[in-house]
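Alright, structures below, take your time with them.
There are two complexes below, and they share chain A, which is joined by chain B in the first and by chain C in the second.
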Partner chain A sequence: MHSRLTPYLLIAPLLAFIAVFTYVPILTSVNLSFREWDFLTAAKPWVGTENYRLVLTSNQFWNSVQVTAIFALISVPLRLMLAIGIASYLVREALPQRLLRGALFLPSVTSTVAIAVVFSWLFATDYGVINAALAVFGLPKVYWLQDPQLALWVIILVNTWKQLGYDIVIYIAGLQAISPDLYDAANVDGGKRFHVFRRVTVPLVMPTTYFLLVISVIEAFQVFTVVDVMTRGGPAGATDMVVNMLYRVGFTLFDIGQGSAIAVLLFILLIGLAIFKARVLGRRVHYEA
Partner chain B sequence: MKRETLWPWAALVAGLIFLSPVLYTIWMSFLTVDSYYAGDPVLTLENYRVAFGEFDFLRYLLNSLFVSGVVTLGGLALAVMAAFAFARFDFPGGDFLFAAVVATLMIPSHITLIPNYLTLANIGLLDTYAGLILPAISNGFAAFFLRQYIRGIPRALDEAAYMDGARPLQVLWRVIVPIARPAILSMGLYIFITEWNNYIWPLVAISDSDLYTLQIGLAKLYRENPGEDVINWPLVMAASTITILPILIGFLAVERHLVRGITMGAVK
Partner chain C sequence: MFDTLKTAAATSLLALASNAAFAETTVEFWHSFSGTSGEVLDGIVADFEAANPDIDIDAQHIGNYNDIVTKLQAAIPARRAPDAVIMEVTRYGLFADRGVLTDLTGYLEADPLKDELFDFAREVGVFEGKNFIVPFNSSTPVLYVNTAIFADAGMEDIPALTNFDEILTAAQKVQAELGDEGISGIAAPGQFARWGLIMANDSDLIDSVSGEILIDAPNTVEAYKWMASLVHEHGVASVDGVTKENNGRDAFLAGKVGMMMNSTGNYRRSKTALGDDLLVLPMPCNKTCAAPIGGAGIGILSTSSDEVKDAAYKFISYAAGADSNAKWFAGTGYMPINKMTKDQPVAAAALEGEPGITVAIEQLSVARGRPRPPVVTWMRASEYDMWQAMALGQRDVTETLRDFASQTRAEEARTN
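Our next item is the complex of A and B:
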């Protein structure tokens, strides 16, 4: 009927691209992380673990780890709590719910650069909408993106606004997959509604919560674009995420060795999380009402 | 009863408030810069003329359309062929190779940044369309998703076609692809949007402004602060609107396909 080679020929193009642009680069990164190289010279001398020593003893690296961890620890639970609450209201397939779902989902497919630009304008010190609104109430200007105490919160807000709709849509799919009767949790009379939400809805969507929790943390550790456009990691490193530091070390300082060492360290952390996710989600999570 | 009639209005208002930054961006893009700062709106298309003309956004728009289009078509072609092989053929090493494809879903892309830059530099593809397209073309998620979908199509349909003397590629093209169209469309949208919004790779791979995509063009325009003493926000907003609008229009047309593609990947 067909040659034994057929399946191999069909998968060859995809596998070739995956090999060249995904798997080989992992090995290349590991190799380069043990060398000293500025991209310009021909020689790439082997320096052992020197790059790792330099990275792991640099304040900048630990600052970016800390900033990224704070970002993840605040933005992920915030998004998930908002999303599960909103999803339980929007789970029915009626027109208002669907429209609102669409509105909430839209930012998650919209250009991150454009969103970052728009929020830079909202939070601009002069002529920004937020400060203009404060001025109406006689409040002073706030230096949202220039104040190290505030800039990270603005980044968290932008990320939440952008990603919330995705979480909601996943929660709705999770709720609908459980049981059609549950959509009507929202129809229960006032006082009982929160009880149903806490005792029935939340435990039943636990698998979805685990899924979102892990992928959101992984994604939070790779945040780059919002920060690059809005603050470039500033002020004074207050929003400097790990990938922003990686980009700076690799592509503006051209320290390929240290850049690769940062990439490998982040890779190990994220693969660890991904394996944890596969283990936890691979097992059936028990429902407890 | 009363609450039921209130719901649509409350939902509409909530949606508009949530999207107000985007809506206001579009509104602002039609204001003259003087009237924006004076707070007395005067409408104009001038910002779009300047953005498309002097600031080259027409070129960036075409670059984005071309790059995202080729990545989508190429990505779908590779994924559909591989998905068909994994769904329909039993072959030595098949399980292992499928696992290797699925594992790419777990691999964070930042690890490939420096090596892919070096690879493209070695073969002289930095600052080319090929350099933007090639690293983005393999899509493990699309291959995985389509394989699951194809497995749900009855094998009897393939067998009938083989009986009539069709070859595997003909079976794929005439039997599988037409049936799997909704799934292929969902994946196509997903790939297109992901590539359209891609920022870090073009930032690394492109320095020639003739090859900028919209994302890079917009970030540069915003940074270089066009305008005399004050930022020309209306111009920046016109550029932002140009960057958002194609996806916005597509979104309104095919939201359901998109949501299905995204949720089917997440909820087993």
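Our next item is the complex of A and C:
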């Protein structure tokens, strides 16, 4: 009896922690998504699926889903391709590579708000350094954060700059796990550099790629700070991500019910994406060389 | 060993007894002032604590008015709300309506301060006939002019800037002469100035008496059209000030903008930045002369104990008193709220040496309080995106305001 209980007792503290900080908030959000509440009153009347109806019939919500999807579709592959390319160069244990690793990782441990503020000034139309540099070459000023066609690209650039270092470090760890014998064999067989990369490196870091894909898609759908600081979802909703809309509805417009409904819908969407990735890509991931 | 323990126990008891003798009532106070304003406020808090050693004011800078609203609404259900809080004069109605703020009418009626406050200051704290905040910092928007920029643009004598056309003409002149040097004619108006310009066009966003939503009223639409045209049609205001309102102010302080319409709360920093090149003028009178009263007052949370409420009110009353208000007025440029403030030496000196401040005070004759029903908090939060779309020329002004008015009416029906 005693030995049967022991494993459960050992994991009980962690389970309690996860329950309190993960499952209780999720269940609370689900509960609130069926109620009307403004945070200020004790009453939280039950409104059934009304919040979901309002969200799902709102143009703003579908715009934010579309913007977030475009952001994820561009930024995730961009991050992964840049990261594996740079990591392949930085995997060597030499001083320049070590210094570059540190430099590239620095943005990952820097405050996102600070980064976003600095980039806001860099990309300012009339007062920004980038347009000032363009002016030196006689080029016209670019409305980086005011043009709906450009603002999302700026957000993608800043987010990629911020996250790239983390992806590189994970890829370096994955690359270092590949046996040098495999590269020696490929070289003996006369494999060209790109060919070896495509046929040896890419398949063997697939577990790392899969891990980063899962993480970065989730991150992409939860991107908030960069957008909130740089554009607040504008101009004209061009950078309005789902989480920015959630924050605005819940914490600025005082509609916790609709905000929770958006959170639940995002949760379902992310679970759906995780299942899709596991079914489609998970089968192609091999953990043995 | 035993003696040591006895001594330690006796010392502990003595310490506890001492604490009981000097038992402090702590008032957690959230505010929005940093920099110079924060330092002046800290001085007022320190003076109050010196005069009231039994009360400790735990003053915390939370962020701007929007941040306070957001954090307060999150803190209330978490039971971590403060005891006293600075609330902007149009945003406290929601909290008063929901019973979050204490009705201070009884406190104020029994306080001699009631007769010392200017009528406008007393009025901004009233919601549905009851006092929920006591004013602390009051302001109106004014027109700040950088005379050095005007002189460089060939306007040594500052032209009349009393209506929309005159302001636009001057801004165009600055832009034409100095635009190549990176200088803009005017800063894109922030939300407070936008409201002021709508009032100067003989309209409002919400009628402060009847509560009627006037967002799509012809004069409001006309005012927004003019404001938006400064950015996307005439190009005399930088788009950077539309994306982030403070960018326009910061550029003005950096000597990169000819004019700025902004709160009197920016007077001190503008004076520091521009020195004698700063000229302060009243807001334009386009169709009429009118200006909004802004700023904030201090409210007390209804969840605090009676003892803490009493202590908090004592502080609020002290902060609005003539002595504190004089220090606040002289140190920040916010307007006096107390009739006796001007008699205080520090305020008299400020008035004498800073003619710019008197402009705002004289403008009080046409200033009025703004509406504060619960929907105003929602409306102000939503207005930024509407303004951005109009100012950047991405949406038609009339259509945007019609849509915004319709949304605001729906929200009003929902929240009331």
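Criterion: the second predicted complex is superposed on the first by the 237 of 289 C-alpha atoms of A that agree within 3 Å, B and C clash if a C-alpha of one lies under 4 Å from a C-alpha of the other, contacts with A are read in each partner's own complex, and residues count from 1 in each chain.
Basically, a residue touches a chain if its C-beta (ideal position, glycine included) is under 8 Å from a C-beta of that chain, and two chains touch if they have at least 3 such contacts.
All of these numbers come straight from a predicted model, not from anything done at the bench.
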{"item": "First, second, both or neither for A:N51, with chain B first and chain C second", "value": "neither"}
{"item": "Chain A residues touched by each partner, larger count belonging to chain B or chain C", "value": "B"}
{"item": "Which of chain B and chain C A:T160 touches, first, second, both or neither", "value": "neither"}
{"item": "First (chain B), second (chain C), both or neither touched by A:L106", "value": "first"}
{"item": "Which of chain B and chain C A:T201 touches, first, second, both or neither", "value": "neither"}
{"item": "Contacts of A:F251 with chain B and chain C, given as first, second, both or neither", "value": "both"}
{"item": "Touched partner set for A:S120, first chain B, second chain C, both or neither", "value": "both"}
{"item": "Overlap of the chain B and chain C footprints on chain A, listed as residue numbers", "value": "39, 120, 124, 126-127, 251"}
{"item": "Residues of chain A touching chain B in the complex", "value": "1-2, 4, 6-8, 10-11, 13-15, 17-18, 20-26, 28-29, 32, 39, 95-97, 99-100, 102-107, 109-115, 117-122, 124, 126-127, 129, 161, 166, 169-170, 172-174, 177, 208, 211-212, 218, 221-222, 224-225, 228-229, 243, 246-247, 250-251, 256, 259-260, 263-264, 266-267, 270-271, 274-275, 278"}
{"item": "Complex contact set, residues of chain C against chain A", "value": "66, 70, 73-74, 76-77, 94-95, 98-100, 182, 184, 238-240, 242-244, 247, 251, 256, 377-378, 381-382, 384-385, 388-389, 392, 394-395, 411, 415"}
{"item": "Chain C contact footprint on chain A (complex, rising order)", "value": "38-41, 120, 124-128, 143, 145-146, 148, 231-237, 248, 251-254"}
{"item": "In the complex with chain A, residue positions of chain B that touch it", "value": "7-8, 10-12, 14-16, 18-19, 21-22, 24-25, 37, 77-79, 81-82, 84-86, 89, 91, 94, 97, 100-101, 104, 106-119, 134-135, 137-138, 140, 143, 162, 167-168, 193, 196-197, 199-200, 203-204, 214-215, 218-219, 222, 230-231, 233, 236-237, 240, 243-244, 247-248, 251, 255, 258-259, 262-263, 266-267"}
